[in-house]
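Down below is the structure, laid out as structure tokens.
Chain nomenclature is as follows: A, B, C and D, assigned in order of appearance, with residue numbering initiated at 1 for each chain independently.
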């Protein structure tokens, strides 16, 4: 099994892994007035260059916190980060701020959800790309500018030599996201994290942007983490899928497995709430009941149990014991107490027909 | 009298700190080196004839106007003699001698005829303006006309208009009336002679022409209200520059001739005045020796008082009387003060020591007063119709309060009464005085509420307007008074004569209109016998105090500082106890 | 842009009309409303001998005999076309914009204002430099070290700064630095920069610092709040994600964005101050517009009061216009229109 | 004048995904705003100190005058006639067992009594003036924010115009113009009334702007929409839906306006248009201290510190209150 996988076997050893990116038992906790918020609580996975990992989950499941954690963007004063993040053989959690900063933008870059608020309103798009390029490359302004225009052209912005001097608010939403991508890719990063890159965009533009990311990934051969709550996007782009719930990974699978034989009731729920045009209206959506759990008082046992329609099938286990993430099938892991055959049965009999 | 600065204080006899000083103060012993404490009160200190240097003045405010025809301030009258020569002036010097009127532009004092109704002066010859023109008697006539009869010149006194015979129809002043003849009652038979015709006999006209309004102004150079910045000088200095609110600088007038001027020494080469300076800072600079004189001449600030009374500075300090009476008028038309017994009750119950302390104590405030005429005015007689005693712990003693209560009983107000007391809002010490009086009157049940008015409108709009006073029931009014012209008549006539009750801007705040007092004053001014006049003033004072309409509080005093390097420093009583600027120089 | 400025200028003129109208109302009309007759009003300006004749003359000379509306009209007319004033034997022409002559000293108002303006401008601009530097540096450091001892101390000191009456701080600083330690000259020692630059500077140090202390406190709090907000912005995260150093993030990205709202407030503050810092000027004896205003109010010198009010409004309106133009330069999203 | 600035494209300002997203929403809603605020406030020691001082000051202002000496009684025997200042005590302050804060130069009146009585005036005027400002400001702010359009434009321009006026000068002039006996009142009753109206009237735009902003955002909120869509009258929506939600900001900004008004009152007194003597006022005491501060600094320090402590206490408390009720406004 190459590609991506939760790295349970080597977790906590402190030894450099062989994979390009490896996250081991990552915990990101925020102490607040109301208690400790466990946004990410023991997350592990691996990712190789050229591959794409989709992280899905509802808002507040810890997706974005994870991505910011990898980039080292959490403020040490209000966030407790533990575990290990290995990028290209370098451990980042315990590395110095300066070291991580040097990697940011050069080795790993990020595309944010809302390109309007993510770009500085007072500087031209060009200036912001130039700045990103010159932090890591000792070149003159002219050279950097040429590079910026080049990058804008490559992400498909027409007349890049003119648009380079425009301000973000003068761009349309899609163009702005392209510019954002140009900025992220300006230093040819090996790891690209895209945090809901298309959420703020029109549907037509969404597809273009996703195409663009795919094309560029192939061109740069970078590893991509695609964070989204939109399973459609994941299906389009990812090789593997990591489903997060309450700061933990509940299911990990290849795209095919995740869509065709998912093992976790939460994943079923996500799939059920995906709109599909080829179904009857009345049975189109099966939203997950209830609301996301508190990250301060995470429900006992399985964090999903208060919302899980199958919790009674397992006696008390679901609310007394936390299910571990186990490899149910090769390359397919899930954290659920339901026996494997029962899962299969429920999926085939109850869920699938309704999707 | 908005500004209550004395122009002239007349005192033929009594000078200096009187024996009335109630507590402390007034010691004349000198300590340390230097000329000594109070040395400048009776004699000119640091006499010198050394010419040269720059004499530096500073003022915390500004002139009303330096135009000699449009000014009222005492310091202005004193200072204007540096760039102008009136018909007469006061003898440069200290103490007693400063009250002597001497001829200046005129060759001699005036000669009167017609029983004191006509006064004639002969001008000196060869007196020139700084532009080289010759001074003539017509210029003096013109100066009097413009200062007294035009609408534009509003700031100075109007005594000439009041006493000179008017044209028929009334003379409108040279700006409107272009007739060359001008005011017919001033004649200029030749360029050296000027004759004044008065309505009534006026025995002391020499004092009146000592005012800066007789400083000649050449008609061709008169620019009206703008003349203040283009003054033509007839004195030893010319005005190089006057910028309102900033400064004035004087330098020698090349056309001034010592031979025509026996009284001036003209010592410094330059004289500078900085205006609108911080008052405390002026004191600091005086003490540091970087400034020569506080032009205002009203004494150091309260904050500086401890410093100048320290042993090392005390020899450079004078503590003269300033010719003011600070007093409280009781309006005889406001109930229940229309009853003399109620007024007498107030006379007894007003704690003058508290008022004195509130105004700054015996040194900076003044001596306790019992008469209307201050001790430095000719005619002053020491008497006390309503004697007070202090209790040991402060405040009036029981006997004094008992007398007050007795008078209240007689007035039909045994439990006291309620009225208002006025003070000028922008004079904190006066307000403090009002509070002290309010507090002491409360002890006999007289409840007074303090009302405050801005000084600028005090007489013209408020307490000088009888209707306003009656309508608002203001029974007591604090004010200060100094003579505008140098006789007991001048001091008393404006505040106690019935004629001084005016619909607006009057100074007879008590509205005292006592036929006996009026007649006594009228008789006195017509009397050419100086000794008889002097005696009469003292008696009039007693008459006034008998009405109990005026409550004298303090005879004002001030702590004056004369820096070491200033020469010919002496207190002139002619201008209200400030230093005489005429012959001042620097070492 | 051009049209915008024109429109703003028209707005400014309307604003000035409003201000002058209100001032006129308060000073000329309200006294009448409070029951004063024109004779009583004129009695203030008549001098030492307020005879009926003199009061009549004064009324005519100052135009007080006319209805307030007419007075206002001729005031406006004088601003537009100037006015002739009779100064006795000569006639003085007051060219447009003529703000009239003082009721007290007969000085042309505009001349007096222009004469006083440099002192006030020296005070206001100097203090502004101090408070901007002090306030912004303190605010930025506090925001970056939010919750630290420095932050708490700075914010309490800032609150103290706004809690102190300026005349008290002024007096204390004078007592301490000028009269006790004798480091700086005392009050009232202001000299124009053209006359004595050294003294100008020395005499203004205390007023600058005192005034700046008051404002710096406010600006430190504003800057801190602005920085805290900006530091949470997405584009700051982006800047960090690009690998920029923290210094660059703070100075280039965060500070610029958080200072722009402060610009508006700064414009308002400076505009008001340029019209005269009444309390500071009277405490330190600086012969500026504020002192002029107070003494004019106390002496009822209405044309002078009107003049100061107008010049204050002109400076507020003018500086706001400049600030808005600057704003458009600083923030490209802002469109003038 | 307010710039008709338009910021293009900023209306889409998306909230960054909050770090705390996922904190149980229900739990926080379960506690009332007041409870949360109180919880936060309890932890803010500085604000609590401020609140404590404020309470003590209010108690002093109400009850203090019954315990002090008569502030008008002269103690002439304590004054040195030569220097016109207290004979004894630190820095000639006259501080003694009988007069804890010394006595006034020139009169010997007890400073403690004057400060305590001054507190009463200072707090009375500033509280009432704040009330006036809050009433006018709230009414105008709500009207402007709720109705929008030309109403909002007019009121907003009026608020801007107020900011372009030299208010201190106008206040001085207005206090001066109202002569004794106007409106059938006289003496200090009238003067306090005038001070309250003038200070209150000139400060309303400060509150007005904040209330307008809050109302604007409230207007867009669902419950207001809901009420309106159900056909509720404007007055109903304003009083039952909008106003209750403005209580917090009104409370905070009233607390912060009080110290401003204390300073305003003191400044007016300092410039000689405060309460009429002999009623003591802090600003008035400072006026009298000006000519003598270099020789008798205590007389300047005591009223100055009284103003400072009072204003600071209100500011600290108000600041803490704001943080507690609206942490985002920090």
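In this text, contacts are C-beta pairs under 8 Å (C-beta built on N, C-alpha and C of every residue); 3 or more make two chains touch, one makes a residue touch a chain.
The shown structure was predicted, so the numbers you read here are calculated from the model rather than taken from an experiment.
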item: Centroid-based (C-alpha) most distant chain relative to chain A; value: B
item: Of A-C and B-C, pair with higher C-beta contact tally; value: B-C
item: Most centrally placed chain, judged by C-alpha centres; value: C
item: Euclidean distance of C-alpha centroids - chain A vs chain B, Å; value: 93
item: Distance between the centres, which are taken as Cα means, of chain C and chain B, whole angstrom; value: 39
item: Distance between chain centroids, defined by C-alpha means - chain A, chain C (Å); value: 55
item: Rounded Å distance, chain C centre to chain D centre (Cα mean); value: 23
item: Chain A residues counted as touching two or more neighbouring chains; value: 114, 117, 121, 169
item: Multi-partner residues of chain C (at least 2 other chains); value: 179, 233-234, 237, 331, 333
item: Touching two or more other chains - residues of chain B; value: 279-280, 426, 454
item: Touching residues (chain side chain C, partner chain B) in the complex; value: 39-40, 43-52, 54-55, 57-58, 61, 86-90, 92, 105-107, 112, 115-116, 179, 185-189, 284-285, 287, 298-300
item: Interfacial residue positions of chain D with respect to chain B in the complex; value: 72-77, 79, 81-85, 106-108, 176, 180-181, 186-187, 272, 276-278, 287-288, 291-296
item: Of chain C, residues touching chain A in the complex; value: 233-235, 237-246, 253, 256-257, 330-333
item: In the complex, chain B residues that touch chain C; value: 1-2, 60, 65, 72, 146, 150-158, 161, 174-175, 219, 222-227, 243-246, 276-282, 284, 426, 454, 456-457, 460-461, 464-465, 502-505
item: Chain C - residues contacting chain D, complex; value: 8, 11-12, 15, 18-19, 22-23, 26-27, 30-31, 34-35, 152, 156, 159-160, 162-165, 167-168, 171-172, 174-175, 179, 225, 228, 232-234, 237, 268, 271-272, 275-276, 278-279, 282, 293-294, 297, 305, 308-309, 312-313, 316-317, 320-321, 323-324, 327, 331, 333-337
